[in-house]
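All chains are identified by letter, namely A, B, C and D, in their written order; residue positions are counted from 1 within each chain.
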Amino acid sequence: MSARVRRLEERDKAKWLGLFKGYVEFYKATVPEDVIEATWQRLMVGQADFHIALVAVDDADQPVGLAHVLFHRSTWSPTQYCYLEDLFVDPDRRLEGIGRALIEAVYREADARKCTRTYWATQEFNYRARALYDQVATRSPFIQYRR
Amino acid sequence: MSARVRRLEERDKAKWLGLFKGYVEFYKATVPEDVIEATWQRLMVGQADFHIALVAVDDADQPVGLAHVLFHRSTWSPTQYCYLEDLFVDPDRRLEGIGRALIEAVYREADARKCTRTYWATQEFNYRARALYDQVATRSPFIQYRR
Amino acid sequence: MSARVRRLEERDKAKWLGLFKGYVEFYKATVPEDVIEATWQRLMVGQADFHIALVAVDDADQPVGLAHVLFHRSTWSPTQYCYLEDLFVDPDRRLEGIGRALIEAVYREADARKCTRTYWATQEFNYRARALYDQVATRSPFIQYRR
Amino acid sequence: MSARVRRLEERDKAKWLGLFKGYVEFYKATVPEDVIEATWQRLMVGQADFHIALVAVDDADQPVGLAHVLFHRSTWSPTQYCYLEDLFVDPDRRLEGIGRALIEAVYREADARKCTRTYWATQEFNYRARALYDQVATRSPFIQYRR
C-alpha cells in the first residue's frame, strides 16, 4: 500500500519505456519511437520548460508506475500551474495504492512550487481511474475541446 | 462578421483590462490586481514560457475580444501543444463571429508552430460557447479533475 | 410572454400534426404516419395508460407548442411519477416563454396527482433547451442507456 | 456465471425485501415501509399498469438479484417501451454475471412484447454499473432533468 515515489533516473530507462508504451497503448494511440526517445532525453536533461518525471518503485527499486508533470505559467496566477499530463501504473500492480501514491507525490511537487492549481484530464469513461480521482481530487465541470 | 485579429499591443491596455476583468467575472472568480498587472507585463515582455495574446479589433482598431494562448511541451509530441487558456468577447459584440475569428487565429498560430494539438477547456454548461466550439472543434471525452 | 396552456382538443389536429412532426424532425427521427395517427387517436380517447397532451396557444387559440405527459407507476412511490416525454415549441415562437409555460403547466398536472417526481430527458448538447431547463428544474446525475 | 432468472414469487418476499432495501440504500435514499409493502403487493397482484419483477436465483433458487421493469406507452411507437427502473445484485455476489443475466432477461421480456425501446437511467458516476452497461447497451446522449 505504501509505494515509494522518486524521480526518474537514467538506470530506469527499460522499465520507463515499458510503462510509457503501456500507457500510450491504453489510449489506443501511437507515439513514434524517435519521439519517445526525445521525450526520454528531455526528461533526463531536465529542461526548464519540460515535464518532471516521477516513478513509483517496488521493493527492488524498480519502477511500477510513472507520472509526468508539467509546470506552466497561467494568466490567472503569479505562480505556476501543475499539469499532470501522464499517469500510469503497471497493470500487474493495480489496486495497491500506487496511483494514489503518485498523485500524492505530484501534490507535494506542486506545493513545493506554490502552484495555485493542480489538474489533469481523463476520459469520461475511464471508470477505474475516476474511482481513484474521485477520492483524491474534485471533478470540475470542465470538458475538453480539441481541433 | 469578419473581425480582424492581431497581437495585443501596449496601447491596448485599457481595453485589455476591461476584457480580461469581464472574463474573470464571467467565471465568478477573482484575480488580484497585482496578478493582472504581472500578467499584462509578461504578455508585453513576451516571455518564452508565457502566453501570446491575440485581440480581435473593431473598425477603430479597438480590442473587442481576447485570446491568451500557451504553447507548451508534451511528452507525446516533438513539437509544442497549443493551449487556449482564455477566450473572451465583449458581451456587447456577441454573435458577430468574433469568437470564431479568434479561434481561427489561434489555429493559424498553432499551424505556424506545427503544433500537433490545439485544445481548451470549457464548462459543460457554457452553452453559448459550446454552440460555437461544436462548429470549429471536436468535443473530446476528456473531463478535468482538480485538486 | 404569458402563453396560455390548455388540453389538446379535436379541432387542434392540423396544428398538432405540424408541431409533433417538427419535434420528430428535430431529433432527425421518423415516426410512420400510422403511428402518428394512432398517437393522435390515443390522445383523443384519453386512455388511462396513455399520455395527456397540453398545448400552448396563441391569442387566436391556435397551438404554438405541445407537451405530452405520461403518468406512470414507480416502485418507489405510492403515487405516480410524471414523465414529460415530448416538449416542443414552434420554431417561429421561440424565446417568448412558451416552453416555460408548458413546463409550468406540467408541474400543475403533476401536483394535482401528487406525483413525487416530475422528470424528462434531453440530449446533453441541446443547449437551447437546457438553458431553459436549468432555470426551472435540476439536472440530475442520471444518464440514459439504451439497447 | 450463468445465473438463472425467473419471475418473482410469493415465497421470495424476505430475500426480495433485503435486495430492494439494499438497492434503495445504495442511492442513499429512503422508501417508507408501507410504500415498500404496497410495491410488493402490486408486484404480486401483477397490475397491468405496474412493473414486472424478475429475480436472478442461486443454486438453491434463492434470489440474489432483482430487476423491476415497467412497460409503458410512448407517443413514438405502436408498441410499448421497456423501462428498467430498478436493477440490483447482492453485493456478495458481484462479478458473477448476475447483472448481465438480469439485463438479458429484461431484453427477452421486451422482445416478447415487441418493444421498440428498452432503456434505463444510471448515475454518471456509477462506474461499476456502467462498466457492465457499456458492454450490453449504448450510452445515449440523454441526461435527466428533475423538478
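The working rule: contacts are C-beta pairs under 8 Å (C-beta built on N, C-alpha and C of every residue); 3 or more make two chains touch, one makes a residue touch a chain.
Keep in mind that what you see is a predicted model, and the values were worked out from it rather than measured.
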Pick same or different for copies subunit A and subunit D, depending on whether their interface residues overlap by over half. same
Report, in degrees rounded to the nearest 5, the angle of the rotation taking subunit C onto subunit D when the C-alpha atoms are fitted. 180
Per the centroid of Cα atoms for each chain, what is the distance between subunit A and subunit B, given in Å? 26
Using mean CA coordinates as chain centres, what's the subunit A-subunit D distance in Å? 40
Centroid from C-alpha atoms only, then distance subunit A to subunit C, rounded to Å. What do you get? 48
Residues of subunit C that touch at least two other chains are 125
Touching pairs among all chains present in the structure: A-B, A-D, B-C, C-D
Complex contact set, residues of subunit D against subunit C: 20, 24, 29, 31, 34-35, 38-39, 42-43, 47-51, 68, 70, 72-78, 85-86, 107, 110, 117-125, 133, 136-147
Please name which positions on subunit B make contact with subunit C in the complex. 125, 127-128, 130-131, 134
